[in-house]
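Look at the two complexes coming up: subunit A is in both, with subunit B in one and subunit C in the other.
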Partner chain A sequence: MRRVLAWMLSGMLVLPLVLLVLLSLARHWTWPALLPAELQVRQWRDLFADANGLGTVVLRSLGMGVGVAVVATTLGFASSRSLARHARKGRLLALLHLPFAVSPVVLGVSLLYAFLRLHLAGHMLGVMLAQLVFAYAYAVILLSGFWNQRARSLEELASSLGAGRRQVWLHVLMPLARPLLGVCLFQTFLISWFDYALVLLIGSGQVSTLTMTLYQYFSSGDIRLAATCALLLLTPPLLALGLNHQLLSATIVTRLEAYDDE
Partner chain B sequence: MMSDASSPTLRVDHLGVQLGGQFVLRDVSIVVDAHTTMAVIGASGCGKTTLLRAIAGLVTPERGEVRLGARRVDLLPPNRRGIVYLNQEPLLFPHLDLFENIAFGLRLRRLPERQVRERVAEMLVQLELDGMERRHAHALSGGQRQRAAFGRALVVEPALLLLDEPFSNLDPDTRTSMQDLFKQLAHRRGITALLVTHDLKESMRMGDSFAMMRGGRVHAYADRKAFCADPASGVDREAAFWQAFASGEVQVPRCDVPTGDS
Partner chain C sequence: MSRSRLPDPWIILLATMTAGPVLAGLVFMLLYSTGLIGLLAHGFTLRYWHDVLDDRQTWITLAYSLTMGLASLAASLVLALALQAALGARLRRGALRGLLFVPLAVPPLVAALLSVEVLGNAGLLARLAHTLGWIDQPGDFPTLLFTPSGIGIVLTHMTLVTPFLLLLLDRLGRNARVADLMQVARTLGASRWQAWRQVCLPVLMRAGMPVLSVYFIALMGAFEVPLLVGAQYPSMVSVLIQRRFSQFDISTRPEAYVLASLYACLAMGLLLALFAWRGRREVGERAS
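Coming up: the complex of A and B.
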């Protein structure tokens, strides 16, 4: 029974990906054929030969994702430490959930008004700042779990042994938080990478990302190009997931857990 | 034995610490002579830990001064005081192995690699932990972790060592061997130390001078005799109990000690 459930779960996760791969390579695939009659790589060639310059779009999306992830995680790590020691920690933490409680579209509309006045609408920087609202809040919430009594004791211990503030961060806190920082970088990257609503609203049609391109292909009815673009959209997260899995299963996590148990 | 300059007299004058709007330490004044250990005994919650944390710079006092020799240290950050605070729990950095844990303070001081290796190796031998250099905290027993924590503190040759009930989590045998090890190392290295404990026997074994803490106030005794003579210290009650037990006057189940005749 357990094996059947495992196969069903794997099938549910893998089948959509297989379908996307087949669609991106299919030349003729008509009902009721189970598999395409003929395969080709034309969709992939067309995608990159596109006059819109998909290479640039991919690079822009990657750049925005990495930028948002690095800024959100860096600021989030420092802010979460201050938050953990704040007298009104609970209230501030609740406030940080606000961006997720309201719809991104609602928040996007209100941000658009402000960004129009600041001349940030229609610019990549504006879109990234809007994404940062979500990514930063997420980073602080995620990383606030790191600052427990043990982290504080280790911080004090390092400082008692002669470590200055910078040394405490470099030699104790960052190595200890490495697995969590990896998760945070990954998740905040995904917030930007998969974002559509904020790019649409704040970008005002001037900022083209991979999600925008995917929707354009989809709405134009070219399902095969859309599938190819969707696969491209899935590639970095899948690669990051593999890397992240390694980070998560790194010995440091095992050690921390073992130490906590004793 | 080290010079007075490296392990000087500790002088605490009129120290007052407020936590959560209440004074936890009130007008505390003590002197710990160079190369000696003062044992401060007191019940849980009397302010023992706060006293050590205030001296270490981990809690900011409202008033008073802390001097090491001629140097006023209460105005310095914790990492520049030359005071190592050893927590009740033997905290080892979980991301570092035993060797690197002990070398931590030496590396912060940017000592040449050869010197670091020599000093750590020497310390490992003294701690009887040689051969375990590459083990991490989770692969060490409680006693070994406690020894490692001691070694890491002693190897940097602190001006003052603060011990916060360091043996309370250990079993009786390990506790006794740790107390002996500490006395031996403290004597060999000329350490000045302040130990807080609620264990009367521990204070008697470890202390060269004694003080009693109650309600945030400290009463220091002139010598061991004065400490033992004070009914508040509980020494006379403890001694009377064991005398009565030995003579059979105390009505508790006696232990049948095997004689070895059978």
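Coming up: the complex of A and C.
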């Protein structure tokens, strides 16, 4: 019985991916057919030929994601050390959750006026700055789990053996934190890569990302290209899943650690 | 002057980058919605606040968001608990171990698109029902999406949240050694159901409450899923704010800001109450 249930659940988890692949390849898939009558690779060929500008959109989204991830992880790593050792860690953790509580839409509409005055609305940089608020907060929460007793002992040991502050960071802390920094880079990349609300509001229709393009295709009824965009959106996280579960499971582990260590 | 008395620049950055934009945004929205700044500024007025607070749609939207958040989380939690109880250690074996992570790689926008293609009147389930001879045309299939009941929103959120909760409960269970505790309860004469209900469930809920509460607040402010599979009316608060804000007629902007301010205060109040409650609980635990 358990085995059957496990297989059924596995099937339900795979089905959406199969459906997306079929949708992106379907030429004719009319009611009430269970499977497409004809398949074609035109959507994918057009994509690689950049016939509808999708290649440029993908590159822009990738660039924004990488930029946000690098800045958020760098700043988050240094901030997380101060957070972990602060006497009022609980209160600071509450502050870190504020952007997530008010939601990207509320933050987007409330900041748009300021971004317009600063000539950042409608620009890639403005969208990245808005995404950075969420990515940075997430990075600090995630990386605060690193600063445990072991990290502190090694830091103190290196200092007592004569290592300078820079040397401690470069030769002790960074190598020790490398796996978690990798997870953080990936997770903060996904915050930008998956974002739709901030691109819509701060981007003001001028910044075209993969999520924006997906929505445009979907609302115009072109489900095949929408499915192609959806598969492209899923590619980095699914590749990461194939390489290392930890890159995705960090969401669960970190949240628990952040709450437990408080 | 001691160096340690100087404020830590990284803590200042932390506060500036997180609370800074939220509070600055809130102050801006309050000033704009009271007629003090912006394109419609003609001196201090509470007209927009009166209009929004007197509008039934405001309260319906807030109550609807609260209900959708709660229903999505509760339904996902019940399903995750049931699956965990039914599957146990099998969750960590075979293909399922890796596949449970797949929904974590799916953004809400894609989940909503999949819901339309699976649950819609001409979707995969409707086609399956037709193949089995249960329905003749798309209209015969029960409408699950774009309905005021919000069932499409809840179902879509369930597909995103349940696997996350299943993984979370599994990890919490292992951290708290729930299997050992249940074994002790069984040895002392408890039935399997009693051991689950009186030992496993309270331990998991107590350990998972902080994450679940934050998740609830995030679901309450969900945007992409209700935008794509929700009804026009009532709508969830993020969708209504975006609609009012993006209208061609800018006279609706102060109202959008009033609604956004109300929601921001509600969500921040809930979050701070949650952290205060946890702080008190931890102090109590340390004292005992």
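Here, the second predicted complex is superposed on the first by the 232 of 262 C-alpha atoms of A that agree within 3 Å, B and C clash if a C-alpha of one lies under 4 Å from a C-alpha of the other, contacts with A are read in each partner's own complex, and residues count from 1 in each chain.
The rule we apply is simple: contacts are C-beta pairs under 8 Å (C-beta built on N, C-alpha and C of every residue); 3 or more make two chains touch, one makes a residue touch a chain.
Just so you know, these numbers come straight off a predicted model, no measurement behind them.
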item: Partner chain in contact with A:161 - subunit B first, subunit C second, else both or neither; value: first
item: First, second, both or neither for A:2, with subunit B first and subunit C second; value: second
item: Touching partner for A:110 - first (subunit B), second (subunit C), both, neither; value: second
item: Greater residue coverage of subunit A in the superposed arrangement, subunit B or subunit C; value: C
item: First (subunit B), second (subunit C), both or neither touched by A:238; value: second
item: Set of subunit A residues, in rising order, touched by both subunit B and subunit C; value: 252, 255-256, 259, 262
item: Interfacial residue positions of subunit A with respect to subunit B in the complex; value: 150, 153-154, 156-164, 167, 171-172, 175-176, 178, 252, 254-256, 258-259, 262
item: Subunit A-facing residues of subunit B, complex; value: 56, 58, 77-80, 83-85, 87, 89, 91-95, 104-105, 108-109, 136-138, 142, 152-153, 156
item: Footprint of subunit C on subunit A - complex, ascending; value: 2-3, 5-6, 9-10, 13-14, 16-17, 19-20, 23, 31-34, 75, 78-79, 81-83, 86, 90-107, 109-111, 113-114, 132-133, 136-137, 140, 194, 196-197, 200-201, 211, 214-215, 218, 223, 226-227, 230, 233-234, 237-238, 240-241, 245, 248-249, 251-253, 255-256, 259, 262
item: Subunit A contact footprint on subunit C (complex, rising order); value: 8, 10-11, 13-15, 17-19, 21-22, 24-26, 28-29, 32, 38, 83, 86-88, 90, 94-96, 98-110, 113-114, 116-118, 122, 124, 126-128, 130-131, 138, 159, 163-164, 167-168, 171-172, 175, 210-211, 214, 217-218, 221-224, 228, 238, 241-242, 245, 256-257, 260, 263-264, 267-268, 270-272, 275, 278-279, 282
